[in-house]
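Okay, so chain A shows up in both of these, paired with chain B first and chain C after.
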Partner chain A sequence: MTAIDAGQPVLAAPERRRPIGLLLVAVPVLLVIWLIIWPIISAVIQTVWVKTPEGGNSFSVETYRFFFSDGYSLSNLSITLWTTGVCAILLLVVCLPIALYLRFSDSKVAAYVQGLAIFPMFVPSIILSFAFIRVLGPNGTVDLVFNAVGLPKIRSPYLTPWGPVIGLVWDNIPLTVLILLSGLGNVSNQAIEAARDVGAGKLALLWHIILPRISNSVLVAISFAVLGIFSAFTLPYVLGPAAPEMMGPFMQRTFRELFEPQTAITQAVITFGFCIVFGLFYVRSVARNQAP
Partner chain B sequence: MKRRDFMLAAGTFAGALMLPRMSFGAEGVIDVYFSSDQNVIDFWTNVVKPKFEAANAGVTLNLVDGGDGAGVAAIGDRALAAMASGADPQADLFEGFDTRVTVDGIAKGLYVDFETAGLSNYGKINPLAFDIPTNLPYRGSQVLLAYDTTKLDPANAPKTWPDLVAWIKANPGQFIYNRPNKGGSGGNFVRRAILEANGKDPSKFAVDNYTAEAGEAMLNPAWDILMDLAPSLFDGGAYTSGNTQSIQLLGQSAVTMIPAWSDQALSAIAQGVLPETTGLVQLSDLGLPGGFTKLAVLTNGVNKDAALKLADFLLTEEIQSAVLTELGGFPGVSWEHVSPELREKFADIIPTTIPTFPGGDWEKAINDGWYRAVAPNVDPAS
Partner chain C sequence: MSVLKIKDVSKIFPNGNVRAVDSFSLEVADGELVCLLGPSGSGKSTLLRMVGGFERPTSGEMTIDGEDITHVPPEKRPTGMVFQSHALWTHMNVFKNLAFGLKLRKVAPDEIKRRVEAVLDLVGLAGYGTRHVAQLSGGQQQRVALARSLVLEPKILLLDEPFASLDQHLRERLREEVRDIQQRLKITTLFVTHGQDEALSMADRIVVMRDGKTEQIDRPDVVYREPQTPFVAGFIGTMNLIEGNVANGIFSKAGYSTPLPVSDGPAILAVRPEALDLAVASEGSQGKVHRVTDYGTHGLVDLELNDATRVKAMVSHPDLFRAGQGVTLAPRAIAAYRDGVVIHRA
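Moving on to the complex of A and B:
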């Protein structure tokens, strides 16, 4: 992940360019073209170049017109955007303090905090889903604890749009913390001490010294989280409401249970269209950092 | 061992594993292919196989997981091809199989006609379960209502659809069913509502009579029934995403009643996932839909006679009682052919009718229509 090391000075290009470098990257590039780029192109072609009843093919944007005029599909798209946006904000709110703590703390506790923060990476999401129902679901552990100390019953987030939000945030903490942490590695102690010497407060330090230096990492972390969340399947499927559905379960249902591959591919292309925007953010920030 | 030697040895070993294993249908080894889940294969391994082999010296069962319906269907196609060339199909019995799946299979006589096969227990089969003579029903499963007897006295448990609707409305938040495409318990609850909206007549629905107009006319009233229930469901209209999640909510005492598969509910009670105090009840005006699992025996299998003996053995009281107690399914035989204690114990769930519902276009229409009409929880009047 070169993005994580972004910000380091780019090595000066060697004077004689050899083809070995190009050969080394040829295999992954070809794989990406074969397994990712080509399927995307073919999906786009399949949705706009459709079979006519007479047996020929013709250009048509009917499936897209249907998607964007169908209230049900649009509400699925908007819940996906909402979930992604809320998750991205919550992830920053949760992960930035953890990353700051891990970067600037010297105590032994920090190692345990780091272990805890990375832990969700090792929990498969289907197990997380059922554990979520046990803990945060109705009459789950949280309800039992609240009841034991005389607090009122909470309305469980299970089967509401907040169910997937909580699950997805928990699931994405490790990656976000790791990316932010690597970004914080670029903030030198000297810069912070210098700022402190001239009397900067903690907030000023964060706002004027730390955030500008890690803005790139923040962007990368958010792009990664958003790309994963936008097409999430298991957590929205098990924890979310029946309708509106997020795009992941919606595409799967359209394909497997309604037997409408054309519609499912259209949904996929639209999903991809939104993801590519975040992908471009990521690519742009990497490119900007590598520019001399 | 040097690294090089080790690599060579490992490579040879892996290669040997990957070689196609040669096998021939052997005399005395009945090859059984399964489309059912692991719990059914476990039942055969632990109950059917030892009992049958003990009773029939010299005969053993080879239980093969066919993966799914398509997997066993492929073996059926191979058996048909083997029949044409007079070869050995290397298979004798299919579990969880509909002989109609093999194109031309029945017409060419690939499958044993059980009406003329002379099974001594054939007459015991539940009349509700009969389908076509080449399919032998041996166990059943039906969706029923599972409820918490500590909150609902079994004497007051709803026994008809109007009772159930009245109970759900009188106890808001205490009932939940899963999305109809994510598991048969909610799926068949929805189908029961569809039957309710169509005069409780399952014969109105056939695999080939779906049209867009019929779908609209027959399904929309059912969506109205379900929409009407929605505000009284758990959380004002929430739907779990599978059979297991519904059982989990009943187990956590978050709801009082759910629709559940009979076998899943019985095994959940046996395993302690659901408490001992769980009650089961079936609607008596028209049961929630379900179905029977069928067997097929190949006419060209090497062990056809032994396989028929096995099919007959499956219908004995011993195995049929075990289907109830060990597998948690329904017996394929009529209830008077299981032991009286068991009949007493399961009295509430003995079905008088097992309505079935076709798949195909109807299923697709239900999966789409329910999501659009019922799931969004939007009051059409507002």
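Moving on to the complex of A and C:
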């Protein structure tokens, strides 16, 4: 009986701690609600609960109908999807070999390669944009070098859809490499050796052993890249064509130059809609992969 | 007929210029199980990895059935390796783990199914094909790892401390099973361990390694009874190694002396605890009982010679001895070493 009495305060402790725990999580939760959830809800409401000429409010999907029937808006959405898709593929093509090299190389060069791969993380997008223009733009370094050796001028990707693609890929290399590298850290050397032992060549090793083991990391890396690229602003704004334009610059121009805030908010909601589809796909894939 | 020949193989790691294996030679006969035994850093795992193709020898030559495999990559060698950590592919179930190598060899699906089921039956895991490897116990995982190697019917089976991560009971059971399977299949096997029990109970021959070199290659009973060097004597089982001097055919150390018909000079006297008889002596004692441990079936008496050198003796009646008692020592079998080689055995 004494033991039970003595144990009571100990059993009651979690009950007492519960309000403290709830208070600790309340601050970030409230911030998320205030800064993310509420603006989303507010934006959606503003696009469907519109002012009537009589001064009242009514439900309308006119702004969405306009977006999805307007050729220019649709071509902007389509160039954004194209840029995002191409960037995602290029990021995998570029970053996977780098991450594989960094994971499996014993060479001292690997440290320098890692430094170079992570370097863009510390370069602001605007600096990166101007560096791009100075190197690949008209009369840039590449042109000058080609001219010096008597080669013709290149067709500069600057102000073409490939401009933002190159810039965004370069900008996203560090995060993608780091995420893939962290995934590759879970592939043990013995698992690789066991596969080689049963006869797996390099391609079979990559396809049957490494890629299935890092599928979650690939999903995370691509999801992060896609979410960032889809709503990117600086690089598409500086390096991309005037028309069609990606959703980021399109929203800004609609808001600032055309003074159509409701249309801009509609574009933002549609952009958010695509991003949340990617997000849900990522969450579902990760959950499915983690299921026993 | 699968014979593994290793001739003058050395491995020098460039980092720190470490000579992990030094001019090592060995011939493993068809169907033989040879254990590489030695302490950590003796080069046994490096040697096994070189046979498996995971390390390149700095010099030397390795052949399987006369075919030079020294520079053949692991995926093209007729060897199968079982790793210490099992190294199963956790994204595949048991069947897929076993079938992977067969698929790479483009074996027909029906044949794959037949061979996988046969080998699962062999290792006592019939019906486990659809299980995920994470659902298996440590012992079952090790059986799957063994089955994964066996299903490819390698000429040489390589086992790299396969039981190191298992508990003692499971380890004893599995080593019997592995030995049974190895004998049934008559597969030539090279087995790395630092556990002398494993080596003594499983091997046809034991290679004792130290600092990348061979100390002794012999049958387990010979390695135990007739160790060629003081290192082997001290490493295999429990051995009393008493450093002393020989003068006029008498070995002496701190009041203890025994006839030793060798030339004068320093010597190491080696006596197994089970070959050392003790007698309680009130006068003329050669040592003093320090501790008596009763193991039920026998007892172990820890003695101290006059200069505090510790000696162990196995006794059948431990209750006859008490701490502090004076005793005399009478070895029934001895060996003596000088300059690292045996100079006398009786």
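Structural remarks
Convention: the second predicted complex is superposed on the first by the 256 of 292 C-alpha atoms of A that agree within 3 Å, B and C clash if a C-alpha of one lies under 4 Å from a C-alpha of the other, contacts with A are read in each partner's own complex, and residues count from 1 in each chain.
Keep in mind that, in the parts below, contacts are C-beta pairs under 8 Å (C-beta built on N, C-alpha and C of every residue); 3 or more make two chains touch, one makes a residue touch a chain.
Quantities reported herein were computed from a predicted structural model and do not represent experimental measurements.
Of the two partner chains, chain B is the only one touched by A:237; chain C is not. Using the contact criterion defined above for the overlaid structures, shared-chain residue A:191 touches chain C, although it does not reach chain B. Legend: residue contacts after superposition of the two complexes on their common chain; A:122 is shown touching neither chain B nor chain C. After superposition on the shared chain, chain A has more residues touched by B, the comparison being chain B against chain C. Applying the stated contact rule after C-alpha superposition, one finds that A:59 touches neither chain B nor chain C.
By the document's definition of touching, of the two partners only chain C reaches A:201; chain B does not. In the overlay built on the shared chain, the residue A:137 is in contact with chain B alone; chain C does not reach it. Overlaid on A, the two complexes show chain B and chain C touching no common residue of chain A. The part of chain A that touches chain C in the complex is made up of residues 188, 190-191, 193-201, 204, 208-209, 212-213, 292. Here chain A touches chain B in the complex through residues 72, 75, 130, 133-134, 137-140, 155-156, 158-160, 237-238, 240-245, 253, 257-259, going by the rule given at the top. Those residues of chain B lying in contact with chain A across their complex are 179, 181, 234-235, 238-242, 245, 248-249, 252-255, 363-364, 367-368, 371-372, 375-377. On chain C, the positions that touch chain A within their shared complex are 52-54, 73-76, 79-81, 83-85, 87-91, 100-101, 104-105, 132, 134-135, 145, 148-149, 152.
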